[in-house]
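Below are two complexes that have chain A in common, paired first with chain B and then with chain C.
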Partner chain A sequence: MSSPAVSSGPASGAPSGMVGRSTGDRIILGLTIAAAIAMMAPLVWVVALSLKDNKELMVSMNAVFHAPYTLQNYLNILATSSVFRWILNSLIVAGGLTLGTLVLSSLAGYGFARLNFPFRNVLFVIVLMGLAVPEQAVLIARHQLFSWMKLHNTYPGLILPNLSAPFGVFLMTQYFRAIPKELDEAALLDNASRFKIFWKVLLPLTLPAQATLGIFTFLGAWNDYLWPLISGTKKEMYTLTVGIASTQTNFAQSEGLGFLMSQAVFAGAPILILYLFFQKYIVTAVSGAAVR
Partner chain B sequence: MIHMLRKTMLAAASIAALAAAHPAMAATELTFQRFFGACDADFGSNTDIAKAVGECGIITSMVNKFNADNPDIHVAVTTVEWPGYDQLTAQFAAGDPPDIVTIHHSALSDYQSKGLLVPLDDVLAANGIKPADFTDASRNGVTKDGKIYGLPIDNWTMLFHINMDLFKQAGLVDASGKPILPKSVDELLAQAKQFKEKTGKPYLIQNLANETALYTRNLYTYLFQQNSEFFADPTKVKINTPEAKKVVEMYKAIFDQGDTTKDLDYAASINAFLAGEGGVHLNGTWMIGDYTASAEKPGTALNKGGYAVYPYPQLFAGKHAQYADGHSLAVSQKDRSDEQTAAIGKFLKFMADHDFDWSRTGHLPAMKAVIESAEFKALPHRDTVAPIAELGTSLPSAVQRQFAIQDIIGQEMSAAITGQKEVDASLADMESRINELLANL
Partner chain C sequence: MTAQIEIAEVTKRYGALTVLDKLSLSIKANEFMVFLGPSGCGKSTLLRMIAGLESVDEGTIAINGQRIDTLPPGQRDLAMVFQSYALYPHMTVADNMAFGLKNIGVPPDVIATRLTEAARMLEIGHLMERKPGQLSGGQRQRVAIGRAIVKEPKAFLFDEPLSNLDAALRVRTRVELAQLRHRVKSTMIFVTHDQIEAMTLADRVVVMNNRRIEQIGTPMEIYTKPASRFVATFVGSPTMNFLPVTLENEGGFARVRLPDRSLLQTTVPMAGLTPGALDLGIRAEAVKPARPGETVITSGQVEVLERLGDRTLLYIRLEDGGMIVAEDIGLSRAVIGDRVPLVLDGARAHLFDGEGHAFHAVEAAHG
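Coming up: the complex of A and B.
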């Protein structure tokens, strides 16, 4: 199967590409491209629908394949008086939650990995058990608790519940455990305090894990719908997900499909931008390389 | 002179003090939580209700107009994703519900039974609105335990939306040009067969994919038409009955014979009807406007032979009836001042007075005077669907969790009609699942 071009490629120092690839590589490449297209197609479809007039789509979906296209659906979103408030709310909630989770998970992870204290293992197991409890199971109790504390329709009300992050504690504990203890001991010999060792020596080494945890936390908080739906019930406290859902008409899937799709794109755009900036860390996180 | 001066100064001081102590002209604030979406771009500042179109446009303009006409009251609107009951329940639990909220007639019991809503009889009476002003379907929909718990603003139901061109091809149009609709199950099946033979297309367009509501509404309608009292006890359903079996088997026969579309979801079913892919689209009152507009546009499938719309045909020998629901404006139970209560009454009166404007959405008006008015009858196709105001029948008002019940019925009917389950097994499961739900409220 080798063509002259293939066999002569490496010898002539040709740049990498299809030239010089084996048949197996080509098959894998082809399958990868096919998979990428399959995954991209729905996204392209959503964007294309968002650029069409609702009434055209109501008559026929084929309208998506020909002009005219319009940005009116996006302009309608921006014309919603509260949309920028909702974006700000989402940024505050997702940002606050990310920061809080990183601080608490790092401290807890360090404690579980490095410090000896009574019931450490039992406590660690209890924290891990939190991974097995779905949010829905504690929703009513949590809602009542926050009602009692009068924290609904406040930023703390939206941020605090998810600060208890068993996954974050587990991730950071494992990461701290993987760092050689000799580093701590060397710092101790230099008369460094426990906090200084944590802050100056170990924490910088956990940056990849921090990035992973931060990205996952931010993405989760940005996309969260259930808790903001029932806690932030005043219009001015909606997050973006709840806010844009509230602008849908009753029959959005038929009468307002273009608008519906523009909402999906609009809500996803900040995440796409985040991905572009933190692509390397996200890929690392997804591939699991961050967990040693 | 000094006395005069004193009096003048005192009067001036009093006026100044009054002005300062009237921070308002401080308008009485009411919170109004509704679905129907947001449409600020088109109608955010519109106060000319006649210019508004669609549910969102009309209700937005109505509130704008009310605020403009009543500077002493400000209605602040919060929109929620349809139907918004998760949020509303959470708000009640947190002790912070909105003053006024949109609620389906079928969902009123869920809140009224827990004492969360204010009976409105006195508020409505104080503003000159009498229960007798409402259509029967509307009044029944909002009356719970003998009291009115919401201002009904409309009734909606499912209809036979008909492609007249295909009906003509199928020979299902009478001499006067009206569609010939079946009068029994046998006639329905025969006409569906005839339709397919003549046109090559299915008689019914139904959204059977990702759907529960359509199945449920169909079942309720044909149970009512058999005088089946499946909710004689509102806390326990008796639906594993011969009457229910007849209905499910009828829809199964239609499915098995290919006389219906099978794999369409809601949006696709609308596309299919607009493209002329079937004779009758089972859909709600809210589609009348869109289908009328399509029928008036040259070159469309509905423009060829016209568009007609009718209530569901009477297929059984019982009372003339079909399932209907409606929207209402309910008022939450919470501490409020007399001024706020008066403001709520004024707002409800305004909404009742503008029931015709709301009826332009396609929904049937809740007020008798509107449904009998010439201007309403002049709206397209309202003459043929007006009987719904009398035919429309809800579940008994004390039945709770009607949205959850709808899901169960839809799932079980879907399984039976598509052949995943025996009809008897589906009905048995339907009954036991609903009763389990109602036993654990």
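Coming up: the complex of A and C.
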């Protein structure tokens, strides 16, 4: 007598793998795969081009589909004497800007969310209005100011302009506001000073928001091109984006396509590494789930 | 160390709105005082003023003769258990409990001893390394109490600490709190809108309404001699019955005529009463179905039955259209639609004049 408990597969109608998946689900899955291919294809194309000899590509683009492949374009980048200096510059600028933005936005956010001071709401609106001012609108005035202050071709000159981060202040203010005030009150009764409440009680609770803000700030600073191009005019003060762009020849897109693509991959590699480390936070940040 | 708390002529305003008006109150050392009242009556505001979380606009608050209303919260030597518990989410239970002690420079060995003692008392020793997010509501509540206990404060302040618990856990925690207060000898102030919590926990209850104190007294004083119609209504479940009556003088005690023209002899002294319209207040346990041979006062038709096990509540529609709640035995034979003759115990009656002032039967005065 066979046991009724023995079953060779999932029960009829039970959703398991593809079993039970509706037509709608299949369509959505197909569209998702198509979208993923559409997004990945240019990246794969760039990487493939970067591994080809420039002369081969000048003859025919079909060369990309067959051997030989080479790392010569990457070796040429590394042969550029300043490239590691540019990476260092980018790290200092993006890192410094990220750190500075986190410190200032957290303090300002705490102040706007928790402290009572005259003109608080007016000041907050003024900060938010900063979101509506495009960088290009203040570029010339800023250039002249920094020139007068002799800050061009310095790290402060590259970092300071973007330290005024209205979005960061807004994000942190909203995050601090969402933290129950009872925590401040409990800490007050625990004889904690105002700074201790900020540092020990509230700030640790804002880590998801700090991660979000930090990642976006770092990415923005790493990819920034316009201001570093204007402020860092000396070769040793180039950031990676400016430096790599400066190595391009006049006919880069025809004569040096492989080299051009290898530059793009090289510039993006640190960001890819950053993404691998902070993948979880970035996904959360993009989905907006970190902002409670 | 325990605290005698004196609140004198305290006023609190938010802009043009006065939320507490010249309120005075004295809380004895080691007393368990409950502030009871409906939402918005000012009870939590008063507690927060004692804690230092709200400023005092007028008047003074003193502990053991020393004025504290000018001190910051951390220097008042008080501990508070919040409605939401307000545990620091990123700290372990142990760190939560130790945070306040570290801030005032208590040596680590003393902190460890106090934490161990509190953990043993509250049976939370196995939770010390967990974070609040890993605890149930009841466990968080214990940790919040533990955080208060380790500070060994002059007084404990509880701001509706049971209201976030489910019904069963609330009853259990209430009993545990009652046990705890005998182990931790200290002054305790407990804010609630739940009259059962007030009745079961308090040495004395402060009934508050509409920004002022209606009555201060022991739970049984509040129950048996409510100072106003508001107190009579707010305290007791089911709520006290009220019937419009007219006063007819009968010697030294009031005799009242009910809406259906029947008469009830009470033992409420006539002193202070003026003839005319009054409200008779009488609790359900003083209204019962008449047994054979008993003098029927009034009668009505049963509309709703509430069988509570040990007793049955009968919601009875009277002849004049008014409703009265009577109490019968648990195995009451009454059914909906029955006409029930009723006996009202005049020795447990209260009379309220047009301004809500109360006059009590003399037996009721003995509680």
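In the analysis below, the second predicted complex is superposed on the first by the 273 of 292 C-alpha atoms of A that agree within 3 Å, B and C clash if a C-alpha of one lies under 4 Å from a C-alpha of the other, contacts with A are read in each partner's own complex, and residues count from 1 in each chain.
By definition in this document, a contact is a pair of C-beta atoms (placed from the backbone, for glycine too) under 8 Å apart; a residue touches a chain by one contact, two chains touch by 3 or more.
These numbers were taken from a predicted model, which means no experiment stands behind them.
Aligning the two structures on chain A places chain B and chain C side by side, free of any clash. Counting residues of chain A touched by each partner, chain B versus chain C, the larger count belongs to B. Using the contact criterion defined above for the overlaid structures, shared-chain residue A:58 touches chain B, although it does not reach chain C.
Of the two partner chains placed around the shared chain by superposition, neither chain B nor chain C is touched by A:123.
With the two structures brought together on chain A, the opening angle seen from the C-alpha centre of chain A toward chain B and chain C is 160°, to the nearest 10. Judged by the touch definition given at the top, the superposed model places A:274 against neither chain B nor chain C. Once the two complexes are overlaid on the shared chain, A:219 sits clear of chain B and of chain C alike.
By the document's definition of touching, neither partner reaches A:87: not chain B, not chain C.
By the document's definition of touching, neither partner reaches A:264: not chain B, not chain C. When the shared chain is aligned, no partner comes close enough to touch A:107: not chain B, not chain C. Touch criterion met: A:230 reaches chain B, while chain C stays clear of it. For the three-chain overlay built from the shared chain A, the minimum Cα spacing from chain B to chain C equals 49 Å. Contacts from chain B toward chain A in the complex involve residues 35-42, 44, 54-56, 77-82, 86-87, 89-91, 93-96, 265-267, 270-271, 274-275, 286, 290, 294, 300. Interface residues of chain A, counted against chain B in their complex, comprise 58-61, 75-76, 79-81, 143-144, 146-147, 152-153, 229-231, 233-235, 242, 245-257. Within the complex formed with chain A, the residues of chain C that make contact are 51-53, 72-75, 78-80, 82-84, 86-90, 99-100, 103-104, 151.
Residue ranges on chain A touching chain C, taken from their complex, read 180, 182-183, 185-192, 196, 200-201, 204-205.
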